[in-house]
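Each in structure tokens, the structures are laid out below.
Okay, so chain A shows up in both of these, paired with chain B first and chain C after.
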Partner chain A sequence: MNPITGIDAYHAFGLKLAEAGLPLRSVDPSPLAPAKVLELAPTDWGKAAAVARAESWRWAGVWAEDCGPQLTVQACLEKQGCYVLLHTAVDSAHPVLPSHTHSYWAAERPERQLQDMFGLRFEDHPDPRRWARHQAWGDTEHPLRKDYPVAGTRSGPTPPDKDYAFLRAHGPSVYEIPVGPVHAGIIEPGHFRFLAVGETVLHLEERLGYVHKGIEKIAEGRDPQGLARLAGRVSGDSTVGHAWAACMAMERAARIEIPARAASLRAIFAERERVINHLWDLAARCNDVGFAFGYYQFGRLREQWLRENREWFGHRLLMDRIVPGGVATDLASEAAAKMGKTIVRLRRELDELLTILDANSSLEDRFLGAGVLSAELAAALGALGFVGRSSGQSFDVRRDAPYAPYDRLEVRVPVETQGDVSSRFWVRYKELRAALRLLESLLVNLPAGEIAATWGEPPADAQGFAAVEGWRGEILAFVRFATDNRIARYWPRDPSTVNWPALEKLVLGNIVPDFPVCNKSVNGSYSGHDL
Partner chain B sequence: MDWILAILETLLFIGAAPLLAGWTKRVKCRLQNRKPPSLLQPYRDLLKLYRKQPILPHPASWIFRAAPYVVFAATVLTAAFVPLVAVNLPTAKIADVIVLVGFFALARTFLVLAGMDIGTAFGGMGSSREMTIASLAEPAMLMAVFTLAMSAHTTNLSQAMNYVLDTGLVLRPSFVFALGGLMLVAVAETGRIPVDNPATHLELTMIHEAMILEYSGRWLALIEWASQIKLMLYGVLIANIFFPWGIARDFSPESIGIGVGMIALKLALLAILLVLSETAFAKMRIFRVQEYLSFAYLLSVLGLLSHIILEAARVHH
Partner chain C sequence: MLRLYGKIFKTGVITEKVRKPGRQGAEPDEFVQTGEQLRQIVDRRFRGSLAIRQVDAGSCNGCELEIHAINNAYYDVERFGVHFVASPRHADILMVTGPVSRHMEEALRRTWEATPEPKWVIAVGDCGACGGEFGVSYASCGAVSNVIPVDLAIPGCPPTPLALLQGLLTLCGRL
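Take a look at the complex of A and B:
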């Protein structure tokens, strides 16, 4: 059978799993609808991933939860807009699972993250090194276990993390370049270890986790409003995306329908966030290659939009504008009319600007052919957002697993196949244009009515799962409530978590001074990854 | 008297260099729709750095400490014998243009050694890139200089300027080529876009900045000041060799006054030209620099050839 829709793909997957002799239980009705839940025995965990890989499901993330005597583990797969969650449970005292890394490259770091956070061991994992843990807690401590105190167990400054075993190279002409986590400019902290021969990059190893904020831990015990605020701070530049995903997950758990106007306003916020971040990215790309003209022009346009956000919605980045049940700020009709005009103006300015950039061969020379991510690698990784779409991966939650209000809108998804810095530049630009179109149709069809539904306390143990398309790509959120309207578990997954490993590959064979432009053309969020 | 003038000219040279940097920055801001800082900002920055305590990295040897002084001294000495407002000053007789190239090389050698002295990856990377560029820029510069020397029959800058002034406004193909070559070299040697980006904060792309990344306080102030003087040196070389009109040939107050005004005007115009090119181009991929500098070398060689074929031949007939 050749699956046509996501649900067909899901049935085909079920059949294949059964053929492979894996006893599994489809949880029906799914507690995480519209996602499907398949329960598996821990011993079948690795085999299920192999079947999924063969059926070309995309691996999107894994999370665990400390449920007393048992650790539950869920992995998220996606194909043609259908989300399937593999669910299993292991003994808390000796938690061991087969690894998904052999089938999915993307699982490598998230599994190491679980190993650090829960003490969950993946027995055949190819890389046993720690990932999330630096020196803030010991190797026998696991912060996301319930018995670990929120305040931590150590006082005073965290000791430096000096003994992480980076891959070493031997030979007289290979040299190491350690970069970061403190940089010459004001950017987020991350460490990059290059092995280079002359100026050519032989190997790159990323070391992240410097902005670990304990988001998952401090989410526990919050009320829905508190969680929405926290979600808005997973990554400051994606505050709308994460707040929306968290609120959608909570609303699904509490079975709350948000008003149509609230959904449209959320989309307006999300598209504005996309426009602003893409403008800033286009600016930064010019700055990376020393083209100050483009940097300041795109920067100016972005600043105008940020100021409009402040004027119309009360916050430049739209933080805390999305609340459980709806939105916190309405859009006045005068503001809507003004927004229509600024969209037209932005489009005109972009036309002018892009004519200039397009004619600049010195810019083209830097972008073309730099940092190529092949379509095969992108597919194997499940690369998201503009990184995936520049390498032939067209997945977009708004189009492929639509949620209100995108289910009634036409979402155009630009795709390129070159996979280089230039592709990522132009895909961003096209997405920006598509976002402007979406904004216009959202403004024209803005429903009247309430902007928030009243919150109703969800039953104990209610859970929800949501996927929204942030400006970097698919943002996932899982939420489970305890009793009394309190959060028991929150798991956000920023698209950066998936895309970061792509950078290690796409920079190979490039020259060292081209790394900044390659890095920022992927523009992973450090904060969103480190949590 | 002549010597006092020469010393005053040198002081004017090194004193005005931050002003030229401020002007360049100002024009650049204007072209990028930004509010420019005050023209005096480079002076304030130097003063601020001078007052700060410099920090010495642990593995630093005497080279690291000596380099700022050597670089600054070499640059100031160069400034002393490049005619700024007047020709025929006694300092100009001391050294010729080949010494100038030598002084630049001396300053560079110490910066490169200092970059490697502290043993950081960035210092070594910057030094290696600097030497790559220098090994291509220096021959191109020398070729341009030789073209000039062949036309003017001298390597002395003051005499060369006198020669151009005496022969009047003549279109010499050799000079046009040499001017092109020297301008390209100037951009590379002063670390401007498209070769290097003096304003960047991206460590991995740096050349000059990578070498001096560990400098702070008054050492950094000296290096920054030396860079500003070097930028001005190239400006003055281009302005006074190829367009010497207005430079004082006697030491009367009027001539000196005109000389000061003319060089200020010429430098201001050259700075605008530099900023225009910096705004129009992105920085090159680093391995494009060799093509760029080969082109500079080619221009200089063409200058030399055109002198031999077109101009020297005419003398014989």
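Take a look at the complex of A and C:
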């Protein structure tokens, strides 16, 4: 999209904030370029969100940093490909801020997360319950404060989290169904609490955080290689996406340009990750509704691509192929030629499968009209990736805030508006096809040269912010360095964090047995959310 | 419908067959041979059916992807008598991934308690084996063996489908 429009939106936003009487300072030059940074007084924090909402900015995330006497807080907004970071600072001893939740539904859980991890209180937050914290640490302890020991303070077994106050319903025909954390399949843990009448879901409440493993805390003190490895394990199925975002943030902090060949190889990895995950999810969706044929066919194609990853790049999931400064594995020319052929073959197979799926009414019977997320709700939440795109939200970082090598490629973004399981299935199918096209143009235009730049130690306090389009949608990363090339702060934001609340809404009115297919049509990462 | 059957026949059986070693790619051949040995043990010791309950106790979900893969059409681990069950009460073996997050610690312990004797535990992946990239922290108990008794660890990040099957074989071979 035209970059001018994003900048215009930014200037218009600045004017509106000024009109609303909010004194602010635009930090120039921005330490987090290309994102803009606007400094605000803590008292204006909530009002700024209201202005942003009125101006249709999307709310994308919030993080804090313990800077000794002060806690700094940054909230990320986006409009037309322009990223703006609202920045404020509060007193560490009594950190209080107005909440963004009144303007943005998406802020609800991330603010509760900050309350648990930093002791930052959002004074008018509608839901003061804890979120990230179960029982691994006490309610007066805040793990992301610098004085909190990485080893924690608890000895002995961690007690179960049994007193979380779920919403209750009363009445003779309403009943509760607790599900998880250990689910009945090969799947990540989390808890779902249903309120149902007969088979109909009246209410769903998610309780996540079971796989919280302290990623932000254990990132501190790592070197760039160590952070890239950790980022590649924020969510194993998005190892390329998270490693790329973290490396891009570190490279921006250290002002390192990666070679053009490295950028293209990263994109090849990222598009292969997209293809493989989409194939897997198409397979799994068929399986969810008992269509074994689709499960085996898409699963077969996926396995072929995993094996190619192993053969050409040395790892089936492509873990640790992206390193600070570039990539760890080159693509040999014979492998590039083979990849061209397998792309053609996959496309042919997809054509054939599409005709078969299309003719199979039992599949559409289960998918159509199930789990509808309306375009209004998707926009209000800022839903990302194929979840957003199935409900009319077309944002794609590769097209709207392009980074190398996508800035020289045409990225097609399929969009649907129905918002049901069927839409999410077909959008993924179309994204898969678009990824194959991208792979072909990446292969044709693969620049020659180095695959990694030499790393140069960034100055103390250097910071970087990056957004990339993972296969689930926009992945964000913020990095600050301390001295000696060590990480002081790492904040990753998986698109699942944004999309999880959508599931609570889209499942309403569906029958309980359709929950699995609704849930997996969204396919949030538990690990990426819980960190 | 005709097209569907056409595709099935055209695809044929891709599940990798027993071949003489070395004729094609090493991994698939090895996978089958390992599987055949495993089946003999499963037939003998578990009356032809070995039930596994997989528990993600804090993984990044990478290990889950490869555990899923051993069920795909290529590996089809069920043909060796190995299947994944929904309840620990039906399981012979718990396959546990991840560093055990402290928030999953009690759930893992209860899952283990719910599994009837005799039972065995396999810790999957570098994280399950030793804590991996996450180690021990305020949020993580590290290795699975820090929480429940472990009979075998299968390292790898994540372990390949072949490594998973070899691990199963190693464990069953000891029984």
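Everything that follows uses one rule, which is that the second predicted complex is superposed on the first by the 527 of 531 C-alpha atoms of A that agree within 3 Å, B and C clash if a C-alpha of one lies under 4 Å from a C-alpha of the other, contacts with A are read in each partner's own complex, and residues count from 1 in each chain.
By definition in this document, a contact is a pair of C-beta atoms (placed from the backbone, for glycine too) under 8 Å apart; a residue touches a chain by one contact, two chains touch by 3 or more.
This one's a predicted model, so the numbers in the text were calculated from it and none came from an experiment.
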| item | value |
| --- | --- |
| Chain touching more of chain A, residue-wise (chain B, chain C) | C |
| Chain B versus chain C as contact partner of A:V211, first or second or both or neither | second |
| Contacts of A:Q393 with chain B and chain C, given as first, second, both or neither | neither |
| Which superposed partner A:N499 touches (first chain B, second chain C, both, neither) | neither |
| Contacts of A:T158 with chain B and chain C, given as first, second, both or neither | second |
| First (chain B), second (chain C), both or neither touched by A:V182 | second |
| Partner chain(s) touched by A:N360 [first = chain B, second = chain C, both, neither] | both |
| Chain B versus chain C as contact partner of A:S525, first or second or both or neither | second |
| Which superposed partner A:P149 touches (first chain B, second chain C, both, neither) | second |
| First, second, both or neither for A:A292, with chain B first and chain C second | first |
| Doubly contacted chain A residues - partners chain C and chain B | 184-186, 293, 296-297, 300, 360 |
| Chain B-facing residues of chain A, complex | 175-179, 183-186, 199, 286, 288-293, 296-297, 300, 360, 362-363, 365-366, 511-516 |
| Residue ranges of chain B in contact with chain A within the complex | 28, 31-34, 121-122, 124-125, 193-194, 197, 199-205, 213, 278-288 |
| Complex contact set, residues of chain A against chain C | 134-137, 143, 148-154, 157-161, 181-182, 184-189, 209-215, 217-218, 229-230, 233-237, 239, 280, 293, 296-297, 299-300, 302-303, 306, 310, 316-317, 319, 352-353, 355-356, 359-360, 525-527, 530 |
| Sites on chain C touched by chain A in the complex | 1, 3-4, 7-8, 11, 14, 54-69, 72-74, 84, 86-88, 98-99, 101-107, 109, 111, 132-141, 157-158, 160 |
